[in-house]
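Please go over the structures that come below.
Consider the two complexes below, in which chain A is the common component and chain B and chain C are the respective partners.
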Partner chain A sequence: MDEQKLVCVKCRIPLAPGDVTLTYMGSNFPVKLPKCPRCGLVYIPEALATGKMQQVEAALEDK
Partner chain B sequence: MRKAAGKEKVLGVTESLCPECLARIAARKVAGDDVVYLVKTCPEHGDFRTVIWRGTPAYETWAGEGGTTPAANVSSAGKGCPFDCGLCPGHRRPTCCVLLEVTGRCNLACPVCFASAGRRGDDPDFATVAGWLRQIRAANGQCNIQLSGGEPTLRDDLPEIIALGRSLGYGFFQLNTNGLRLADDREYGARLKEAGLSCVFLQFDGLEDDVYERIRGRTLLARKQEAIARCAELGLGVVLVPTLVPGINTGHIGRIVAFAAGLVPAVRGVHFQPVSYFGRFPQTPADADRFTLPELMRALEEQSGGKMRATDFRPSGARNAYCSFHAEYLVAADGAMKLSRSGREKTCCQPRPAAEGVRKARSFVARRWSAAGGAGTASPAHCPGTVTDSLDAFLDMVETRTICISAMAFQDAGNIDTDRLKDCPLHIFHPDGRLIPFCAYNLTDKAGRPLYRPQEVRP
Partner chain C sequence: MDQKELREQEARCIQENAPGCTAGCPVHVDVRGIVNAVRKGDWAAGAAVFAKTVPFPGIIARICDQPCRQGCKRGEIGDPVAVSALELACVAGSDKPAPRVAALPAKDRRVAVAGAGLSGLTAALELARKGYRVVVFEAGDRPGGSILGIPASRLPRQAIEDDLAIFGQLPVEFRFGAAVGGPGMSLGALAESFDAVFVGVGSAEALCGLGAERGADGNAAIEPATLATGHPKIFAGGSLRRNRDSRSPVASIADGRIAAVSIDRLLQGASLSAGREKEGPYATSLYTNIAGIEPRAAVAAANPAAGYSAEEARLEAERCLLCECRECVKACEYLAHYGSYPRRYVREVYNNLSIVMGIHHANKMINTCALCGQCAALCPNSLDMGEVCLEARRLMVERGKMPPSVHDFALRDMAFSTGEAFALSRHQPGYSSSRFVFFPGCQQAASSPQPVRKMYEFLCGRLEGGVGLMLGCCGAPANWAGREELFRETLLATEKNWEDLGRPTVITACPTCYSMFHHNLPGVPVETLWTLLDRTGLPEGPAGLQAQKLAVHDSCTTRHEASLHRCVRNILSRLGHGAEELPHTRETTVCCGYGGLMLFADREVARKVVARRIGESPTDYLTYCAMCRDNFASQGKRAVYLLDLLFAAGGDDPAARPAPGYSDRRENRARLKRALRRDLWGETVTEPESGVELIIPADVRSVLEDRMILDGDVAQVIVHAETTGDKFEDTASGRFLACHRPSAVTYWVEYSPADGGFLVHNAYSHRIEILY
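Presenting the complex of A and B:
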């Protein structure tokens, strides 16, 4: 998906790279993700959710 | 036998053996004063009472900590457990790991030895071992292989045995070794690695030569360190395996773990084995000669200064809960240990660090991303503006900084509980073709007479 096509569904403005802290079971991971400059909505790419984030979850808990 | 005090409580009943004559006899698990005993009476040889559990976590609650409790008991049609091994219909676990004794020879003469190995003897030839591998594969499908002995590295053709096993489809080969040849012979280690050896289980009893002199009969520490260094150079993962003997090295547990943690990822784990009493012994072992699993869990906490907690550890889901425990930790650069995962291991016989599973998942994901965007493990090309360095760093740490701390309590004629034996997934291949649960195979009476192991004449 092209970055230019990511638009916040609520604010109707393009998402821009922004600082986000992912937290899981007490561990924090500062990352940059497409984010709505106005309301803070964050877009998590599917490949990230089912890839590295899932691996981190598995390493942190009993999966 | 001491008279059961009024406050003692029977936690369960099972069957055991008389340590004198190996007759099968009824046994009770009796709790009193924070200690659980196996109590039994042989009509011919009298009463026996052996400690099986000391202190917390409590015996009664431990099996609920993620392990399994026995399924319905199926009686065998023969003489009854443990006399019908091979395996009998009453056995509750399929074969997960098979231990092959590829030699009876050893280059040490340890007072403590499962296998009563000697210095001489004939090895089964290559064709015989090849036949064993084919037979096991045909009968059991996929299972892990432990190469043992004697000292298996005394065989020059061990790499060829592993290579053949790999060609037959076996996915995991573990080498149980004292490490002497690995320390001395780099080319041999390289051949093992190239043939497909997965992991080295290195006998490693402590960090003082006094410990080796008392348990193994000679100083060995420097050789052990050399063996670890050679394995690290070759990329052969090492698990340190201390035999814990009360009064000799049970005070060294914390130092062994700290040493191992300083060597990750070359060292992937420490697998403690409290001593069990196989072979000939002049007197029935006293309770003071036994070190139980809960004592070991508490010693790990106390001797690590709280880096590990006794509550970190869980029983295995793959065998009887009272046979083992494990936990995995991430090791920080300063030596701090963070519990990473204490759930069920991914294989039945050797808890493997999460890193291996992660590595597999990672390579799968990397391939998928490469195909999609050619970006490898960098940010997905289809979603610019995504920076996930912190996740990458964490996953790298899991891959390279994970250590597995585990233990296994073997059973001898004093403490054998057939309920545990029926749950055993680790089986030794008998030269006559039968698969025998590990503890039944090694079991001997007080005079050293074995139940199953072919008797060898010691030189």
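Presenting the complex of A and C:
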């Protein structure tokens, strides 16, 4: 999926990088992720979910 | 599992014990180390290994009587390895100068050594290295003792000189022409003026002549482990301990060293006897399997006087078996994967459990073991890595340290089986009591629902007294995941159903169910379907398949059920087929890659386990667990599930059936329950609401399987997106992208509406939660 081409269906506006807090196993981490500037719907790209996020999950699970 | 139990398990692994040669060598030369050096042609390295335990390598390499060879495994099938000749090749081939000896700082204690033979010289050398001031009293005019009588052709004088040159670097004083026992030099007088005395005067008579106490046999009494005599300051050893015909240079060296240790301990005020069992020669408890090793004659030196040439030495070194155990590692792909052996692994597990803060590096290893028990069946000391890993998992769960993602999918699948969609427990239609109850097991129904149904119908007709039916899960996934509480709950629920049915005999199709009940519900009578059928007769089916040979894969959870193994083979032959035995079969069989939920912890290792097993024979496999079959089939192996085989008709090819995917496995279970209720019990069964219609192309299907995303998960995301409107649109393709988090996992689905339903383009998931 091309991030540039994504729009939030409800608000009909393109996504923009915004502050998001992710959490797992009691740890919170602030990150910048594409989201809808109006309603705040967050987009997690596939590469992030199956790459970095999976590594972080595994690392936190082994702590 | 406490520290003590882990230690006990760890100690069962004898892989690190010395090989027979090293154990049998009085000074424990690392023969494998020398062999490895010779194989590489690294003479200096070989000589260094030798010199590490042998103080006079040039002498000993030429005259050693090689007691090590009695312990050599090669010797059990022919000539033992020519150890001494290899040692000599190293000593002679090494041009490195002898290393300088580092002596500890000088102490002010003085030790007398009587006799400059091999034992006395060794004692003097070792004590001087420890910093003691040593005086050697020798009756003759030079050091060496009895070795001076060996012809120079065998032991060149230069070799003696070279080895003894080491004394030039140490504070050892030699007094020649000074016979102990001579005028003014009684043993008693020496003991008065020195802090300790070692007597290595070559003969027992001489020692007794010096006034030492005699034992019952009339010889001087010497304590073998410490070489202590009746006099607290006097120690004795060397040839005087032995008969003339059993003298051994290397044993004399060992004596000198043992005495030096004793004297050091005496002078330090330490216990003389503690922990000294393995100082001299002993029989090793290392196990080495020599089955299948071809005998090979020892290499003879072309020129015996010159010893081995480099090439001859290399060839002889090739004969060494480099003895070790690794019986379990050789058979278990999982154990081999981490490159070591259980003694180390148990230690890693222990360390992993002890970590309070920091990374638990062994989590994955602990969770990947199949818990199959093959190692215990092969290990000479029955070490069971499966037990260690299972106990570790239980502790991890108890302490909240189990990674939540590992078993999540499997446990949700188990919840599906024990839930409304599949679980069922009732009497045979038309009966109000049950003498038997058929428990096919969740995965058998998931993989092979039709034959399960046929088998139930057959049993109802064959057995008297009512055959109830119980659909559900035995709880094995919870057990394997270390979830004791959940496992107990599941067992209790099964037991309760069984009681409600009037305590019938349970007939299990799945070997794992059998094993779980058999070991955990002692009050419940249980039998496998296969032993029952062998006893009571097979269903008369259609013509069946053409006679063929099938390689039997025994299930690991029933490796000790010899009668089951027998009955399965009987059934096969009654069906007209032949049985082939795989290399690991019956009690030493291998796990199919599903046991212990290994597949969920490390797919790579599980795939290797499957690959190794299916590579063992080109013949089609026969399994009596559907899960085993599906694992083999998933990697392209033709395999037949015995239940499928029983009901196969002429043209069928049950070995070619693809393994159903995760979603189908659920659907098969749910559908089986509905069909049975409707057709056998005559109930009105409402088919589930069709919900959203999903169109899943084959390539997307394999992505879903790979990521363990179920059709139900996909449907939930789409329903959520379509009802809330929370979704993205790709303005280029017109596809939607949306996510939903039903519980611990967030699923993302890329889809587009397509006639009446939704076409799925992709799906992925993560466990990290989007907080805000």
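For the reader, a short list of remarks on this structure follows.
The rule is short, and it goes like this: the second predicted complex is superposed on the first by the 58 of 63 C-alpha atoms of A that agree within 3 Å, B and C clash if a C-alpha of one lies under 4 Å from a C-alpha of the other, contacts with A are read in each partner's own complex, and residues count from 1 in each chain.
Heads up, the rule we're going with is that a contact is a pair of C-beta atoms (placed from the backbone, for glycine too) under 8 Å apart; a residue touches a chain by one contact, two chains touch by 3 or more.
All of these numbers come straight from a predicted model, not from anything done at the bench.
Look at A:V9: by the touch rule set out above, it reaches chain C but stays clear of chain B.
When the two structures are aligned on the shared chain, A:K32 is found in touch with chain B, with no touch to chain C. In the superposition on chain A, A:V42 makes contact with chain C only, while chain B stays out of contact range. Once the two complexes are laid over each other on the shared chain, residue contacts for A:G51 go to chain B alone; chain C is not touched. Residue contacts after overlaying the shared chain place A:E61 against chain B and chain C alike. Once chain A of one complex is fitted onto chain A of the other, the partner contacts of A:P17 are limited to chain B, with no touch recorded for chain C. When the two complexes are laid over each other on chain A, chain A has residues 1-2, 15, 22, 53-54, 56, 58-59, 61-63 in contact with both chain B and chain C. Interface of chain A with chain C (complex): residues 1-2, 5-10, 15, 20-25, 28, 40-44, 46, 49-50, 53-54, 56-59, 61-63. Residue ranges on chain C touching chain A, taken from their complex, read 358-361, 363, 403-406, 725-733, 735-737, 739, 746, 748, 750, 762, 764-772. Those residues of chain B whose C-beta lies close enough to touch chain A in the complex are 340-344, 354, 357-358, 361-362, 365, 368-369, 372, 380, 382-392, 394-395, 398.
Chain A contributes residues 1-3, 15-17, 22, 27, 29-34, 45, 47-48, 51-56, 58-63 to its touches with chain B in the complex.
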